[in-house]
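Labels run A, B and C following the written order; every chain starts at residue 1.
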């Protein structure tokens, strides 16, 4: 029940070209910004979007030209797409019934699945009489009731409010863990990806830019998008020993590098000063405040200068500096907190 | 307020002729006139043929609407324009056109007659055919609109659950556009019920067989305006009652 | 608000324009002796060909006049006249409809019968079914169209047929429809007026003696509420004149 796919979809202004693998029981998250081609990839796997090239193989079976109804792929759509004229039970029974089960068998299977997602009491309700979280669970039960070899989830939590999301995410995690087939989760939310997936595949502009488990990706982001996702300042420059030259700015870093390299540090590593600091920081440069936002308990300050920069400061420090847009300050980062790695 | 004045004017424009009918109706002789068997014959024939015509339109028109809304084929614009032809064609011309095709010497009618001994003009089946011809565009346009407005992703969801094209259409698409189909069917039925020109031209006028209410009304006008008013009001009352009942049951529910 | 006001103005303009259409015609001065201006004639549909010719002749005889026709079923015309349609002359295909108008007090100077029309059996060119008389219409393999009893040609047909057992497949709303069913080959025979059969090159007319019992008289009258009294009188006189009658006889009508 392993997935091996190479998806090529060519459109006028956009080309998707990604290779995806997923092992039985593995949850792979396809993470990327809007318009990266994630949903196109999902539709191609489900057979809803024709491939311009490449292949889809599931458990060794070539699905490339197989129509969606014969693929054995379960899909949880972003806004669930529950059939509004059918009860929750009949929505879930729809798949088994189409796959040759009798009406009674299908309803039995559906009842069991609704029970598993904790909605046994809501079996006869129409979708519009269910809450968002309940609808999401019905959609999940409906996709799983056909025992798919591959389960696809398109932004399964995006339509939920923050509170419901937390509970539903935890439940979803349980169900995905029990699913024996491969799972591909599509999301633009790094938290969903990090919490639900065993492995992350990051797609930008139709191409895979980075793959790996959560630790790898968060520690060594390879694009601005990923860096922003995981909350790091990321620069590309020229490494030379324990320095990386980013434009005119030479950053002192913790790792030995040479040639094209990344330098990365978290916003919390940055300190801001009214004048040039004397302390131990090896990196210091003048910058201008571009904006200030709340960020958790702290304030996140966006700065222009030789490089764009995010810095987290305490409200006290901000008050002390009287931070306001346009203000000139000095930014400082200790060399020990700047990670460097090869491009 | 800016919208209210023309809205009320529009309402008056539609309702006043009806008021005219009601005011001029010979209420005292109404029961006796309504009890005439010829009147009930015509009414029953009208209701029956309009219902059958609607059934024909549903069977043929819904798939046609689906084709127009979902299939991509060369000349689709032309096909859509052709579908609306009966809307702009004067119904009498429609009746003549039907005669040219299904008549005794028509393109198909001649063959039907010689091969099977079937003749459609001057029969109740001919009435149904004429009514269906004129009323079908109402159904097709309504259902096509509903199909276009419907979210095709539900059909994709059904496909991922293992439903083929036909099952998807009957189990998902049709329930999804049911209000549109119901509205189209009601329009279609109402149009068929009031059909005059194509019917009298193609099916002729014979009491009990092809004389529907509108034909009876027209001929009553020749001799007895009050009888025509009675018949019109009866037709109106029956159609409004049936449409209102259907509306409660299907359209809003 | 603005587009609506615009719409209202447009609507008003359309209505005003439509109203002008009737009022703009130069109104004839009543009491004036010269026959001039528009003459509006409501005439039975069966008079279409003959009256169109007569209308042109009349305009030549009375320069400055303009004859406008409204051809329709006589009963519809009678209803329109009694509901106040601005007609100068009414020529009916049946005395009954003229009577309706006279009873409502809308005729002036009484109605005069100007022609008669007789029924014939219209059959397809060459008479493929070999129909020679009314009795042939009772044969089971002969499809017959009659007019509905409510219209003059139907009433006449009923009278002519008498006790004969003829089962028509359809009772048409007017004589032209009955005739067109013969032309299209949908029926084998129809009882129509001789003038109608004569006007169509696609059909042959079979005369039958029983039609003598159901001769249809055409009355004509000037109307009281017509705007052109002088024109109305002149037109009625022209129809009754030798010149007018010649045209009508040529079309197949009989002298009264």
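Criterion: a contact is a pair of C-beta atoms (placed from the backbone, for glycine too) under 8 Å apart; a residue touches a chain by one contact, two chains touch by 3 or more.
None of these values were measured; they are calculated from a predicted model.
Taken as a graph of touching chains, this assembly is arranged as a line, each chain contacting the next along an open chain of partners.
Among the chains in view, B has its Cα centre nearest the centre of the complete protein Cα set.
Subunit A and subunit C have CA centres that are 83 Å apart. With centres set at the average Cα position, the gap from subunit A to subunit B is 54 Å.
The centroid of the Cα atoms in subunit B and the matching centroid in subunit C are 33 Å apart. Residue positions of subunit C touching 2 or more other chains: there are none.
Interface residues of subunit B facing subunit A in the complex, by the touch rule stated above, are 151, 153-154, 156-164, 167, 171-172, 175-176, 178.
Contact residues on subunit C toward subunit B in their complex (touch as defined above): 1, 4-5, 7-8, 73, 75-76, 79, 143, 145, 148, 150-151, 168-173, 177, 180-181, 184-186. Residue ranges on subunit A touching subunit B, taken from their complex, read 43, 46-48, 67-71, 73-75, 77, 81, 83-86, 94-95, 98-99, 142-143, 146. In the complex of the two chains, the subunit B residues touching subunit C come out as 2-3, 5-6, 96, 99-100, 103-105, 121-122, 200-201, 203-207, 210-211, 215, 218-223, 225.
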